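Two complexes are shown next, each including chain A; its partner changes from chain B in the first to chain C in the second.
For the complex of A and B:
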């Protein structure tokens, strides 16, 4: 547009094909939206005044949003003029990285991508691994304002700092050296350290360690591992990486909370602190028994993740095996299995879960089983369709011609090649499982009421909707954020694993 | 297809015979056909045997077989099979005992021998016309006889009804689909009953309280038939479901079917209205997104849709009550059948998930169709954009969308329990939830099974609907 020598289509193409441009606009818009939401929340209509803490946060978001839009405009200008982003524009990314101080991960993640010209899967993973640890550290540090902290708090925080420093070092080393075709031998040490830090639940570090090891063993003979390819494709979509970041953040937080959070705060009644509004010591307030809502939500993440993952994993395995057998053997086997599963399919998941829980009582184990059984048919159908497709391929015929047994053909050749759609489907349905879990808990049919599960917290909070609405709003926001993250990740994975794109 | 080609002479009898022959090819239909027309089958069988011996068919079979046996063909086949097996074992380096090899070789030889006999027989029969007699052809020749026709219609009416169903591909499809639905309904009844039967819960103890004596519990169990064996209880339950009489509920002593009949319409009406509204909103949004892929509008719509998928119903309901009933007194917080304003929030909450799912599905399926070759052709012909989109793309994109609507409708009906609890609606979902703490077996049974039946019926309708929407499915139906 400013340059008359290129057409409108070319401008469009340059902008659309630039990853940084898309990420900059995305993070700018999201950060602007958050700034507005914070501003609206800081206003108290009854007094006409503003809450200072929220107002400051909102202003910080506005400042970084403005900076982000400025950088966005520069990127746009660079792309239209020369088709590439200038070094000076990229160095502005370091300024944007400061947004991390205001917990603005949207701008921070896009800044990480902006400062590096050539982005490898290893670099992306290293950046996200470090971000996760820093976020967990920051959230755990909120406990400092409490009257007392957990016994393991200092140890936990120290370990988190060590992990953050190590991961930052790894990030810098990888940024300098990971682009080389053959990695230097001392990368083994980096990989080992990263694997060690992944004990905290930081799976980014685990993936990165595995990626580095596979690259080291490979010695530049092949073009790269499958994992690296998937990560590279996945990292093109900001939303799915943010989804993964939030899921792994929660995972790390729930694992490190064994050291850094005090379970007593979440379950012990404290009648001197009933229904406190959010303040520094109790960032999300307290409930009707004086329990810290923040700690409760952190511990609730553990239950939600475990129930969500288990009630997806069990039907994936059972449904996958049934679907694979059904699709491979066909005819009568297929008929019997699929007709039996049709019966299960006719009862809606929640209703079947209610019936099973009615029969066997409400408990976490029963809840997982009830949700699992209802989900078997969907996975069996997906797997069956894939297996039927794959079993007609030549390599299966070749295996058969070599005299391989049915089970070897099925589990060595067919199943590994038809697993990708199952991964995508399961990621998308973990979210549904999380919603079902909390819904059933809300009805009093899920997790035992004394356990701080998000649905249980919400059920208690819903009684105080008129006076203390936050007790019902925050756990709901946590559920939405987790489900949304899984949905974003699932969408991203579908695009990344879609064989049609190959 | 084959029947039509070979049919000659008397038109009606030929058609009948063609259908008869075609049904004999299909294993399960063959069984049904022979059973449904058992008296006719007996007649045709006797006639078939008579015809076979009269025409010398049996004799020829024996002759062919003996000739081949005498020529030493069997031994030849046996040696060949044995040799092949031995070579195969050597290649795979397997050690197999000689007896087993011999046994396998014998089996292979016998199979091949039978194949050769049949092949030779076929060759001979085709050269000497008038000898070949199959079961279907016996029926054909009998059907030419008006006396047999009348007799067979009288004694084998079910068989002719079955043939009438089979003759029309649409009717056949519908009947098969209905049969499947009935199977599923019985399966659901069996499954739910079994789950509740093996339950370790004791409703008698829960209802009568801690102080109940063993005698009181036994009386309670006897009164509700809980002391009867499994099969008797199962039979009574299935009979109850079919006759709409599930007896009295444990608590409150009310008639279960009447209670369900009172509550079910409430849930069904709310679900139906919210489905309708959801589809009306979601279709235009999905199509709009698909026509402008990767634009700001598209991203915004799809983000909102994903958000809609991620919001738990009960939380959305609570937030609505907080904002529209407590902060702004616009809508009543609890549902009241006489006040239509009170239905707005439940309908919106119920429909959010469906709207989101349908909008996403519409977008992806329209996008897929837009990139098909025939759309390019339509554009190349110079048709208007609007015309291409509405006439060529949307119609074809509708099929997966209908599937999603059908599936989601079932999910909504099942998941309505949560929304009903939030807005205090006395629908079927909250009824089941209220009854499950005892557990009140007849009520839960009735609630779950009747919901599943409704969903099965909706699924049948959806399946039939798109069988008539989609020409591809129609042509597939005719072929098989």
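For the complex of A and C:
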């Protein structure tokens, strides 16, 4: 099978430089692992039988895993033989796209990349935007099995389906036209529609809309926008795109849940449904008060995301401003600000949070403040270091020579060029904030116990770990997945924003 | 071509969603249909009332159920959840609540105790002041069981239904689990009211008695006081019950018995005001020397009984006296030395003389009554008899004598330790008898305990407390303690305690929660024992500075929001319905039924009166 005319190093290089090859092996392995997990879950040791529904899901995963490995082998053969993937191999990606029906996003995302030869940032974003909407629609549709649905359910689902159709149309149009140097004028309409659909929280659509607009306004004069470059680099890493997909999926789900999910199911006790095992009406089971765990976890995502994002955003702004000022002015300003922050830095973050909540009471606002204050010094330090580095650069000297004011230099020239490490750092710390929220709730210091927050749900579930394990496993998985997603995204962003790769 | 397909797809999708829309039941549809499960419809013509619920985080499940029920009945519930009993109590004392989730266990097993200190004006734990309630409590106290049921029914009607001072939730089971591979199954008793008697406990392998320690569990490492009259709470009830013997005991089903007590027999004289006790001669006080238990050689006698009960009823006998109200019916306690005086009195409801009643089952009849306890000798017929007189006819006094606060302490020892002036007691300087610091490891350690019960505390720290058996307690009888060394491990968290039991770190765990019964039952090395208990949970309404204090309508609206069936469902049927703290002791036939129509009515009345 190997071509004797090329060296081993060349083979290695061809395989490594192919995005599709890496993604195919990654999605194949993850899909196989999921298939095995499902298979193990479908087995009931007490009766020796298999649960049919789970078994079917597992088989579907196995089928697509086998297909994926077949495609992987073909890609490998193509690459070794000719250094490029054949059209026939690429067209197999359409078959793999069907894996979306089994909710196998790992294979689906790699298939999206496989079917297109030249992948632009717009194409990637369009594919992910559509995927996100479809996933949210599918997950929300599970509510149909419940005894009743939220009053806004039909409206919400209709809007979701409209968004999905529009985004699919945009995807097809972009796949065909986005590679052109100058976009046709009707792309304005596509961009506007995409921006409209991003109201659901689908930020992929928002980014895509913005990207299209910048490209339209650019009219082919420059090589492309910075956003496009970042997205292109980011999309090379499967893990960070999957992370972003999960985060935006949760964000969209949290926003659309205002219409499609019934809060009563998550918060009102129902004593006739105590501790039901997962079934169609209650996909993740019910807790010890008969509340639907699925709804609780969905509504919990809202709190986790809000607390995670806000408690990162606040210290980024405050710490960023303080760090920028102290880095730019130096000397006494620097000394006063940084020494004060050093004192704050010396207090352990979680202890500070516990003290603040103990003093002011448990509520979401206090929780955000408690987690924010402790994180200010680290952001100030990061910003200060960046600003000190950037302010010695020539263009800053030039701006100064032109007589620009301090604030103009600082906020127009220095801060925009020092912000990248802050973005990376903040993505990484959102995960920590989510964990801290859950830990504090677990300790009884977060939000009120009946509010569906992941830490609260996990706490209740932990008492039933032995008898009804699902009550603890699902919220635990949700926390793990969200934190992992933010970490992957942070990793990808660090690479994508690294100026050394320019 | 492509556009056509797209259009077709769009049409198909919209059609499918519309079709599915026809068969979907929305929340409003569900609420319109007459389904009883749906109770969230807005309350008509009565605006929601604010209610602040105070509770402890250990009762989070109950708090959530109450919150849910009140919310569904149109209240705005604000939660005030405190981490431990101390902060809960200080919030309660500060009045920061409308309703407080409270619980009460009648450890004496008599109905009077279930109401007196809780609801009588000026009672230890009472925040009520209602003359009608007081009168009913006093009236029932003087009555026999046959008579008091009707009085207590009136009392419950007043307390719960007419005036709604409390809203009852449920009556609990008492549950303990133990390691049956370590403990002898038949030696572990579970009693409705009585604390676990340690002297009965035995290892499965009796060879372990001398060397191995039996490990029990407790949640609170801070012991209120080891002086029995100075504490009445979960930290010391079991400990003091096993460190001090009493004149009588309770059986497992709350009958009065002399078995395992300081008296051979007791007799109630005609008129229900005079009570006689004939004392044993086979119990000596134990003390700790070099951290081990030794026999002091001092017998537990009538002078100690008189001293102990006199100080139990006297509010000023010690600072921080916590139990005098339990003994306020004791008027006089005295030594009887005249045998003839026993002969001349008849027992209540019978023709026997008190002397005959006291002699029942004794190996030697009474030949002489001695005043010096060292002269007493049962085999020679020389006994000590004490007579207790109550302020009014009050048969339930015997239940109070079975309470740990009526434990017998050494007159000689306590008098030699408590040399301070009670009125000028200085907590920084004076060290009272039973102070927990004197038994805590460290510089302040100076164990001066003299205990009359089966065990004595040697030392403690925050991790565990170590007890040794009293070498001169019922020696040679069935009541002699079997196991030499008992340890109490302090584990605050219920889940950790259960883990400790399952891993073999502790051998017996008292207070298993209902949600863990399945776990215990499924573990082959554990045995679960349950018995209906006298513990009742209820909501106590604030009586000061809150709308609930003045408006009975608002209180009744809360009362009828409570659905006890839902509590029973949540606890898997391991709770029972209750009307008041009396419910486990007196069956009055009353029942609280949730009624959202009444709630609306009372809320409307409350809003109208505002």
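FYI, the second predicted complex is superposed on the first by the 501 of 502 C-alpha atoms of A that agree within 3 Å, B and C clash if a C-alpha of one lies under 4 Å from a C-alpha of the other, contacts with A are read in each partner's own complex, and residues count from 1 in each chain.
The rule is simple: a contact is a pair of C-beta atoms (placed from the backbone, for glycine too) under 8 Å apart; a residue touches a chain by one contact, two chains touch by 3 or more.
Note that the structure is predicted; figures quoted are calculated from it, not measured.
Of the two partner chains placed around the shared chain by superposition, chain C is the only one that A:169 touches, whereas chain B remains out of contact. In the superposed three-chain model, the partner touching more residues of chain A is B, compared with the other of chain B and chain C. Of the two partner chains, neither chain B nor chain C is touched by A:32. After overlaying the two complexes on the shared chain, residue contacts for A:403 are found with chain B alone; chain C is out of touch.
In the superposition on chain A, contact of A:131 is made with neither chain B nor chain C. After overlaying the two complexes on the shared chain, residue contacts for A:466 are found with chain B and with chain C alike.
Once the two complexes are laid over each other on the shared chain, residue contacts for A:342 go to chain B alone; chain C is not touched.
By the touch criterion defined above, A:355 lies against chain B but remains apart from chain C after alignment on the C-alpha atoms of chain A.
462, 466 are the residues of chain A that lie in the contact sets of both chain B and chain C, per the superposition on chain A.
Chain contact summary for the complex, chain A toward chain C: residues 144, 147-151, 153-154, 157-158, 161, 165, 168-169, 172, 262, 264, 268-272, 274, 288-289, 444, 448-450, 462-464, 466-467. Of all the residues in chain B, the ones that touch chain A in their complex are 92, 180, 183-185, 187-188, 190-192, 195-196, 198-201, 294, 306-307, 309-315, 318-319, 321-322, 326, 410-411, 413-415, 417-418, 421, 429, 432-433, 435-437, 439, 444, 448, 451-452, 455-456, 459. Listing the residues of chain A that touch chain B in their complex gives 16, 339-340, 342-344, 346-352, 354-361, 403, 431, 435, 438-439, 442-443, 445, 458, 462, 465-466, 469, 472-473, 476, 479-480, 483-484, 487-488, 491.
Of all residues in chain C, only 2, 6, 9-10, 13-14, 17, 20-21, 24-30, 37, 40, 57, 60-61, 63-65, 67-68, 71-72, 79, 81, 83, 495, 515-516, 518-519, 565-566, 569-570 touch chain A in the complex they form.
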